[in-house]
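You will see chain A twice below: alongside chain B first, and alongside chain C after that.
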Partner chain A sequence: MTLTVNGKPAAIDGKVELNVTELLSVLKVEQPDYVTVELNGEILERDNFPATVVRDGDAVEFLYFMGGGR
Partner chain B sequence: MEKKWDFETLLIHGGLEPGPAGATTVPIVQSSAFAYDSADALEDVFRGRRPGQVYTRIGNPTTESLEKRLTLLEDGIAGIVTASGMAAISTAVLTILRSGDEILSSSSVFGGTFSLFRDTLSSYGIGVRFVDPTDLKAVREGVGERTRLLFVETIGNPKMDVPDIAALAEIAREAKIPLMLDATVTTPWMARGKDLGADLVVHSTSKFINGSGSAIGGAIIDLGRFDWGGEKYPHFAPFVKKFGRFAFTARARKLVHKDLGACAAPMNSFLLAEGIETLALRMERHCSSALRLASFLREHPKVRWVNYPGLPDSPFQDIASRQFGGRYGALLTFGLPDKEAAFRFINALRLARNLANIGDAKTLVIHPASTICCDYTPEEKALMGVTEELVRVSVGIEAPGDIVGDFAQALEQV
Partner chain C sequence: MLTDEQIERYSRHIILKEVGGKGQKKLLDGKVLIIGAGGLGSPIALYLAAAGVGTIGIADADCVDLSNLQRQVIHFTPDVGKAKVLSAKEKMEAINPDVKVIPYETWVSAANILEMVKEYDFVIDGTDNFAAKFLINDACVMAGKPYSHGGILSFFGQTITVLSGESACYRCIFPKPPPKDAIPTCSQAGVIGVLPGVLGTIQATEAIKFLLGKGKVLSNRLLTYDALDMRFREVALNRNPKCPICGEAPTITELVDEVDAMTVCDLEAAKG
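And now, the complex of A and B:
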C-alpha cells in the first residue's frame, strides 16, 4: 500500500493494512511515546492506536511538540 | 523494559543511551544551534513533523537526556528541564494561569516561591490565596471561582510541615484543578508525586538531585493525569485537540518555556545528571544523619525545640511515615533562646557551612529570618514558620559523628 506521510508518498511493501501501533514501528517513527498521529486530518487518541487501521491512500501526519517550535 | 527496574537501578541506567565511542556518561553538547542538511528537514522539525533540536533555548541533547531520566524517575509522561527551580515554577505556573486566575498555595512555601506568587505574579493580574496546607478544611474553603491551581511543597521549607498530599489531591480533583507539588526536598526517592495523586511535579534540581552544590537547575514533570479539556482551561483547547494528554507540556514547550527562555545550560544538565546516579545512597545517609542530629538536638539543654518530621513527638511523624515510607529528609530546624544565640551558634560551627542552600553533600546551616526571609514582615515570617531564634539545617553526608560533634561544640559556645 502507499500512504501519504507528512505530505510525501510512502510505499509500504507487502501490507494492505496496518494498525497505527504497527505503522509507528514499520516506519521507524522517532520517539513513538511522544508523537501525535493525525489520520486523514483527524487527531487520533493514543489509546485507539492499536484499533485504528490505515489503508492504501490514507494520509498520515506525525506531530511533535518536542524540539521544534519557533 | 526499563520501567521494571528498581528505583536504584533506574537512577543509574534509566533513560540512558550509549554515548559516542561507548561513552557511559552523557555528552555535553555545548552548541547553541543545530544544522540540518536540507531546508526541508529543518522545516519538518519546525513544523513538528519530526523530532529534533534546533536551538538550545528550546531543546538540547544533553538537557533532553536529563528530561527523560527525571521523567522516568517520576513515572511521568514528559518533562522540561529549566535554568533553575524558580524557572521551573514560573514556567509551570504561567503555562496554567492567565490574568484574572488565582493560585491556591500553601503558605509554608520556600521564600522565592512566596515572593513569586505574592509580588511578581500579582502585578500581572494573577492572584494568590495562601492557606495552611495541613488544614484541609481551610484548603477546601480556599478554592474559589477563579482558582486554577493548587500548589504545595511535599515538606514545607523551612516550616517543616508535612501536608497530607493524597487528601489535597482529592480536593484538587473535586475542584477540577491540578495539584502541583514542589518535591525538591523529598525527591522521587522519598515519594513519587504520581503515587500521591499529584498532577505535576516541580523540582529545584540545584539541591538533592545535584547533590554537591555545583549547578543550579529545575524541572517540571508532567504526570499525565489531569484533564486539560475542562471548562476552566479554555486556553488549553487547541493543545488538547492536537496533543491530547500531552497538552500541558505542549503548551509549555511551544509557548511559555520557549518564550520566557529560562533554558538550562548543557553543562548544568550534565552536572545535574551526574548527581542522579548517587541520589538513593546520598538520601539514605542524609535521612539517617538528620534523624540522628534531630534526636541529639532534642535532648540538648540549650535547644528550645526541634522541628523534624522523623521525631516521635512531631505532629507530622504519622503522615510523613505513611507518605514517605519511613524517611523524613535532610532538613530540620531548631530553636535557640534568641537571635543572638542563633548567631553565636552559627559563628562557632567549624564543619557546617553557613550559606543559602540545601541538599549539598556538606552540612549547611542558615538563620532564615535575617537572610532568605529578611524582606518579609514578622507576620509573613510567621506564616512561613520563620522566627528569630530559628536555625535551619540541611544535614550533609559527612561522618554522622563529626556532624553531631560539630553541633555539640558550637552549642557549648552559645
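And now, the complex of A and C:
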C-alpha cells in the first residue's frame, strides 16, 4: 500500500493495512510515545492507535513536539 | 492623529492599502505581550517595535549569556550579564521611541500569567520549555486571548496561531506535555542561529495582521519549517472535541503549572 506521510508518498511493501502502532514501528518513527498522529485530517487519541487501521491512499501526519524558543 | 515624524517613520506602512493611516493608528494603539526575550523573542521584539506597536510587554527572568548571542539578535556583546528584558527594552526604545516597553523580569507561572495576559490584545510564545508553552496556551484559552505558538529545535520549527475558543489550540494537538527531558532542548540538541529569525518573524507578522484585522491568521493550520530541506509545510487541523482545555468536557478548569514537565531550573524559578 502507499500512504501519504507528512506530505510525501510512502510505499509499504507487502501490507494492505496496518494499525497505527504498527505503522509507527514500520516507519521507524522516533520517540513514538510522544508523536501526535493525524489520520485523514483527524487527530487520533493515543489509546486508539492499536485499533485504528490505515489503508492504501490514507494521509498520515506525524506531529512532533518542538520545545525550543530561546 | 499621526505626527509629521510618524507619517515619515511609518510611510512604507501607510502606503500599503491594507495598513494606511488608520491601520498604523491601530498598531500604535495595539498591545502585544512577548513571553521570552531569547531566540524567538529577539526578532519579534525588534520588528514589533520597529512597526510601531504602541505597547509591548516582554517577560523573561534570564540574563544575557555569551552562548545566546549566536541567535538572540536583540542582545549585544556588552549586554552579557544584563537582564534580558532590560537589554531588549533598550534596543526597542532606540529603534522607536513611540513604543512603550513594559519589562517583566520574571518567569511566567500559574500564579502570575493571567494578570499579565489580560492587559494585552495578543500574546506571543517565545519560550523554550514545555511547562511554559502549555501554561501560555492554557492562560490564553482561559482568558480568551489570541496567541502565536512557536517552537524550534536544531533545523526545524513550527508555529500556529490560536484564536482561543474559536480555533485549534496547542492542547488540541498535544493534550499533555512530554515528561521532562524526554524531548531535547536547544541547549542539548543545538539550534542553527537563523532559525528563530525565520519563525519569530512569522509570529510577529501574525501579531501585526491580528492588530490590523487584515489577511488570514495561521489558525487551524500548523506551519512547519525544515531549514535543511528548505521546505515549509502546512498541516490542516481542527479543534479537538476531546481537548482537555477547549474541548466539549474540559478536564482543566483552573490554571496549574505542569510540574512534571518542569526542569530543575523551572521549579526553582516557580518557587521564587
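Here is the rule we use: the second predicted complex is superposed on the first by the 65 of 70 C-alpha atoms of A that agree within 3 Å, B and C clash if a C-alpha of one lies under 4 Å from a C-alpha of the other, contacts with A are read in each partner's own complex, and residues count from 1 in each chain.
Going forward, contacts are C-beta pairs under 8 Å (C-beta built on N, C-alpha and C of every residue); 3 or more make two chains touch, one makes a residue touch a chain.
This is a predicted model, so every value here is computed, not measured.
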| item | value |
| --- | --- |
| Touched partner set for A:30, first chain B, second chain C, both or neither | first |
| Partner chain in contact with A:41 - chain B first, chain C second, else both or neither | second |
| Contacts of A:9 with chain B and chain C, given as first, second, both or neither | neither |
| On chain A, positions contacted by chain B and by chain C | 6, 31, 33-34, 36, 43, 45, 61, 63, 65-70 |
| Chain C partner contacts - residues on chain A that touch it in the complex | 6-7, 31, 33-34, 36, 38, 41-43, 45, 61, 63, 65-70 |
| Touch list for chain A against partner chain B, complex | 6, 30-31, 33-36, 43, 45-46, 61-70 |
| Residues of chain C defined as touching chain A within the complex | 36, 38-41, 62, 68, 72, 125-130, 133, 150-153, 156-158, 172-174, 178, 182-183, 185-186, 189, 191, 196, 222, 233, 235-238, 240, 242 |
| Touch list for chain B against partner chain A, complex | 44-54, 58-59, 64, 77-78, 241-246, 249-250, 253-254, 258 |
